[in-house]
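Order of writing sets the chain letters: A, B, C and D. Residues in each chain are counted from 1.
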Amino acid sequence: MIRVTVWGENVHETTNEIVSGIYPEGMHTQIARLIGADDGIITRTATLQQPEHGLGGDVLEKSDVLVWWGHAAHGEVSDAVVDRVVDRVWQGMGLIVLHSAHFSKVFKRLMGAPCALKWREAGERERVWVVNPGHPIARDVPPSFVLENEEMYGEPFSVPEPMETVFVSWYQGGEVFRSGLTWKRGAGKIFYFQPGHETYPTYFDANVGKVLRNAVHWAHNPAAHLRDPSDAPNVPVGEAPEPISERGPKLHKEGEKGFR
Amino acid sequence: MIRVTVWGENVHETTNEIVSGIYPEGMHTQIARLIGADDGIITRTATLQQPEHGLGGDVLEKSDVLVWWGHAAHGEVSDAVVDRVVDRVWQGMGLIVLHSAHFSKVFKRLMGAPCALKWREAGERERVWVVNPGHPIARDVPPSFVLENEEMYGEPFSVPEPMETVFVSWYQGGEVFRSGLTWKRGAGKIFYFQPGHETYPTYFDANVGKVLRNAVHWAHNPAAHLRDPSDAPNVPVGEAPEPISERGPKLHKEGEKGFR
Amino acid sequence: MIRVTVWGENVHETTNEIVSGIYPEGMHTQIARLIGADDGIITRTATLQQPEHGLGGDVLEKSDVLVWWGHAAHGEVSDAVVDRVVDRVWQGMGLIVLHSAHFSKVFKRLMGAPCALKWREAGERERVWVVNPGHPIARDVPPSFVLENEEMYGEPFSVPEPMETVFVSWYQGGEVFRSGLTWKRGAGKIFYFQPGHETYPTYFDANVGKVLRNAVHWAHNPAAHLRDPSDAPNVPVGEAPEPISERGPKLHKEGEKGFR
Amino acid sequence: MIRVTVWGENVHETTNEIVSGIYPEGMHTQIARLIGADDGIITRTATLQQPEHGLGGDVLEKSDVLVWWGHAAHGEVSDAVVDRVVDRVWQGMGLIVLHSAHFSKVFKRLMGAPCALKWREAGERERVWVVNPGHPIARDVPPSFVLENEEMYGEPFSVPEPMETVFVSWYQGGEVFRSGLTWKRGAGKIFYFQPGHETYPTYFDANVGKVLRNAVHWAHNPAAHLRDPSDAPNVPVGEAPEPISERGPKLHKEGEKGFR
């Protein structure tokens, strides 16, 4: 059973009539619903407005995959929560980053890169093309599918070279975008997926749903979670795998911790 | 002409007799000297103790490659300076990260990963092996070379999968380490190199010097620097490469900036 | 259920007393046994001496993962069988390449690289280190494990930069080797694993068994197999996703096939 | 001085009026001319019809970068020449593969992958977008440029995941293609570039010229060429970097060569 937490910023859903008209229960609810129609997955949601943005207690500990949608309020996400999400990814939690979350603190922290792009909100046609048909995230996805109204995101998308490029999108207005990309950080797998502007019903699209479900399965790392990924342990001379003697000058005293 | 700035923390050189005995003018001075014996390179140094850590004004703007050594005082490096270094890497400045700087703020920010490892300070033998003999950083470096006394750094080294692995090290005590790794972030090339513990005369070693000079040449990106790597420009409908008409609901008004 | 075929060259087992003493039923039999102690996997074997090297009929079609061990007789493997194995990998069959099979036709064809290395047969100690502890192939494998007698394989290992480096080995004689590497070709996942010299009982080692079982699970691509991975279909003008008119001069007549 | 050899198949130039009308001296001549307008580069050409396809003697030895255009006659290129080109790339020669040469023997051998794609010859508009603006191959190339008439190449392009994606193309008919990709094999750098259908004047385009010149500079590996990239030397026990004694059973006698 893969435990998925869908995090939604939940701002435009309460302040913008168009968005609340499409997503009356919030985008996070609909994204969870779209993902949830699959055996072997259970979903919960969390939002910015909840205490600790809904990610307190053992929520992250009990999340195998976290899905993140944000746009207007990236800056309101507390750095403490960001630190915990990032650490949990390093431990092995999968992370699926959607659309405007390319500028979320969480994604920028994990990428170490600007994560910038070009954009245009014109309701134009987007064609999402599979460029890696053997990839698990593209499983049973047709060679291409259309989103009749989407926001254009254009290259250059200033992210680190991905582990694999799964989708590339064509836009009616003439641009292209690497719309499905994967990375790993520590034991955590990360997938960025471009579609999902809040003024269009993208998260009701069956192909988008298939991609997200596939991505959840792909991002789930069933291997035991790494404890303390930032730990840098000293290996005492007496515990060296091969017998050696200490020699030469030394900075640290016996048993001293390393600098951070 | 490649303009290199060697940044040194310069702490143990003034507080530890062993270190000051080896590096009486500071490690940064000796690293710059070791690199500097090459046509086409000019070096300067900067240290933690200087105003803005020696990286104020147009120093970064006029640095093609920055070399970073730090250990005891990672936490004292100001976040504002870190932000500027990171931004300058994204623009295209090369970055060479040495030894204990694996835990520097600058490196961790660019990697988005824990950057942790195992360590042992026993003055043991390290053999640095070239695993990518056609790589420019390995140019004229022998198949392997010995550092008779080095600090052991052991795997797992929790960095993102590199663009290329150039060196892997063997330690007398039984460990191994991927000791020369490359990445790119934005337009900036990054090289991490393991040797360089402050209680040993590593930065007087001719092979280490060859590696660092090669790395400076490799990290130098002569292409024009990217301006505003984090800029995410709107492309108005009227400026779309292909003629399109606006349709569907919209979040942003004409000329409005995107959310950050 | 993952269907695994273990292919063994089966030459030294019948011509060399040391090898037949360790592996009286052939290395392939013991490798299959070592892998097979796991739910969800069924194994069969195939050898060079069988018709079509045991890979005729629908054997490949019904293999989800192929394990390949060869050494003395790489040149005797028929090019027709190599072509079919390579094509099947592109379709999505996993491939696990063991030890001296670094020079097998199958591996060299898929890598497009020399796949050379240094070697020494001295029965020296090898320590296999996990460098990517969150990787599925390293699941439940200890941070390092010892093979008291192995053949040394030394860098440079002239393969393409891997997708991920999972293991790096330390040798008593002073060398290192990237001993566990992954790639993808088409829809097929490939894992190379260094241990397995025929004069030592490596394929009785529990940790080696764990690695191979993990690798089988990792290499298995449950997504539907790609049909005709080398097919390059024409998309007629009338079937273009967006309506276009043909214009300009043309080389091919309507319905003509492309050049190969 | 970078020594570039432009190899052209030179078939349609002599058999098809459209092609000979655009390229009366052969495509290879015009490609060489387009590249040649740059200090520091000297070009020569070679064609299929010449003895050893113009690549005999020391031509390859004296080529720093080889540019390859072929389409109708991939099958006529002799395997012996392919072997020598591939070996020379491993040694460090750069290789630039153009358009329909995605199906050349040389490229397929180096990729180890099907290298297939979709295609349509309709003279439609192609927009080439820079996705990696800091890459040397994109230096001084505008954010996008138009080729008013090109052959459509569509994804999936079944090549190994590249080292870096430099360009992605948009087509009028609705497809996309990763049109500029890089890899390394041995010491050799490889760049594939999509534009260049023989019935259009693509190799007179100034932006295409800029890309090719940049690619020549990027692909040139000034490091000393690797000798015998396929050599797998034995390291005798007496020459092990660390003193070891031989132990355990052995397959090879002293001084014996390894199996191939």
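In this section, contacts are C-beta pairs under 8 Å (C-beta built on N, C-alpha and C of every residue); 3 or more make two chains touch, one makes a residue touch a chain.
For clarity, every value in this text was computed on a predicted model and none was experimentally measured.
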Chains touching both chain A and chain B: C, D
Centroid-based (C-alpha) most distant chain relative to chain B: C
Gap in Å, rounded to a whole number, between the CA centres of chain D and chain C: 27
Separation of mean Cα positions, chain C and chain B [Å, integer]: 35
Chain centre separation (chain A, chain C; CA means) in Å: 31
For chain B, residues that touch 2 or more chains besides their own: 127, 133, 144, 154, 161, 163-164, 174-175, 184, 186, 241
Sites on chain D touched by chain A in the complex: 127, 129-133, 143-144, 154-157, 161, 163-165, 168-171, 174-176, 178
Complex contacts: residues of chain A adjacent to chain B: 12, 16, 18-19, 71-75, 86, 90, 100, 103, 109-114, 116-124, 149, 152, 154, 158, 160-161, 163, 172-175, 183-186, 197-200, 229-237, 240-242, 244-252, 258-260
Complex contact set, residues of chain B against chain D: 92, 127, 133-136, 138-140, 144, 146, 163-164, 184, 186-188, 221-224, 226, 241
